[in-house]
């Protein structure tokens, strides 16, 4: 079991987003990933969340869903680099890829390509009772859409935090705070 | 293995500080606690970091050091409540309690009672090569003292972040951000 | 001309919200209040924004709109305390009070009592070209509603920031950061 | 009188730092700049604080101190661009340039070139009773040095805040928070 991979260890590409270390740690822990059998990572991008989940919870089966072919290529390279064998890559639209699932424990939503509500609807159909949705939002619109979606349902308990990380960078004798962009981490648990 | 205890599950007392959930998670993961044999938790307070560490890393031996008798009492009650058997409570000044150790893997510094430099000096004597110091600071003075201490040494690699968590609180139909006080988490690894 | 009243100088009441000093300063400066003839302060509450505006821009006429009778009482006491003579208090629903205006330079929206969209619609009717809407949001829902409203229009240029202030509190020899809740400040300028 | 210049209006150069709009506004307002006769801007850099002060307080005399010749050149170009006539540029080490002053109302410390304590000592000699020191810090070390300096004196009342501004950037239909680096703004008033 391992948690907390250095960001530098991932292969990266300029236009493909990557969830940063502290956000990965919090997202996966708050979603109870280590108890999960089936984890889907929607909008897997660089694959950092999938790979972190694969190492943190080696008995889970993780399905990394990503439609962008460049990102899929990068994702596969990262999977190889970290030698994890519990990730399956699905190159498809999230709404299509999710159709084949029957019982998801954790759905991680990193990217939604403008179709958040549709994705939430299909995740909801497939998510086990007691399962978790864990979503990272950088836009006010997607955060707001997800909050609205949850408020229309009575069978989810959710908790949302905004996380801002400032890293002290060493410049000569000085330590100077450098801001990461803030992220909203929303965790919703499905109730009976 | 478990990580991410709800804050509400700990028994608390008004004047005894408690490290909050997200800060506990990041502190323990960034310090590589799950690989550690011997962990000391200096200024253990409510015991939340010790107990979180005990569940996250069940094979570790955790020594919770706390001088305040009220905090020791509370700490013991929390240990009992969580039924963990890998925590030993040491009721003493940190500098005295640490004298008996020979090889520490992780030293967590939650509170230092105004004696940070002295504590760092003795931790340094006892820390294994490859071991971690993980400190949470709420004051500029202690953060600055620790950075100075590290800069005078060449055998530590450190990384420091400031973490600010805003929790969305549900008030009627609204979700309103409520700020936690920001914390600096400093992690230092001892090199050869 | 004066800007930057100490928070402690305002008379306050527990359930009536007050915009804090740094937020008042930024809100008023970013809205170009000092060039305005007619300013409306919607949901004036304690009156801190109205009074700050009255001192910052003594030639402006400020209309403080507030429906809650307790807040109106407090607001009037604060106006008297600061001896400003360019504030008129209107005790009414915002949407009604605004009907009598013809040419507003700056509309400050502190509180909207669940009727933000309706208030924006009527403000839009009354706002001069070149005039500013300046809104403070603590909820994701109101921020999101306002962003949606602006995106449906082409004649507004807007800029939004989230402001987080941590104040260093002196505790013994230490300076310890205490977080204020973060606020979104949105400023929109009406174009031709 | 004007306050709140757009950042884009300043001529800039890559390696010369510039204080951002919201930080300029808060720094100048919290230092009571509009009541000041004599203002010194130490480490003036791009000149954004000096020029903002010159427009905000047209009756003040502002002395922009900067030793770096490239920054001085840029500073002069910006002064010309904004057509302000109440700034005098002093190209020298701060400690030397300050020797000729007798009664300073506001000393703004933007940059200190590693000599903060020496600068504070000479500012203290020249500052009027009732005058303000206003300093912006990005490093923990300078913040800590300044706090220590203030704690050794009894004739200063100080207030320090950390300001974090996240600007919502429009990307397609979305508004996405982009973080500015956090800044500490410390304001100290000299008492009898």
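Each chain gets a letter, A, B, C and D, in the order it is written, and its residues are counted from 1.
Keep this in mind: a contact is a pair of C-beta atoms (placed from the backbone, for glycine too) under 8 Å apart; a residue touches a chain by one contact, two chains touch by 3 or more.
Fair warning: this is a prediction, and the values are worked out from it, not measured in the lab.
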Farthest chain from chain C, going by mean C-alpha coordinates, please. B
Which pair wins on C-beta contacts, B-D or B-C? B-C
For chain B versus chain C, what separation do you get between their C-alpha means, in angstrom? 42
Taking each chain's mean CA coordinate, chain C and chain D are separated, in whole Å, by 27
Distance-wise, how many Å sit between the C-alpha centres of chain B and chain D, to the nearest whole number? 38
Could you tell me which residues belong to chain C and also touch two or more other chains? 140-141, 147, 162, 164, 166, 168, 173, 175, 177, 182
Listed in rising order, the residues of chain A that touch chain D in the complex are 114, 138-142, 164, 166, 168, 171, 173-182
Considering only the defined contacts, which chain D positions touch chain C in the complex? 1-4, 22, 25-26, 29-30, 32, 34, 147, 151, 159-168, 173, 175, 177, 184
Within their complex, chain C touches chain A through residues 140-141, 143-144, 147, 162, 164, 182
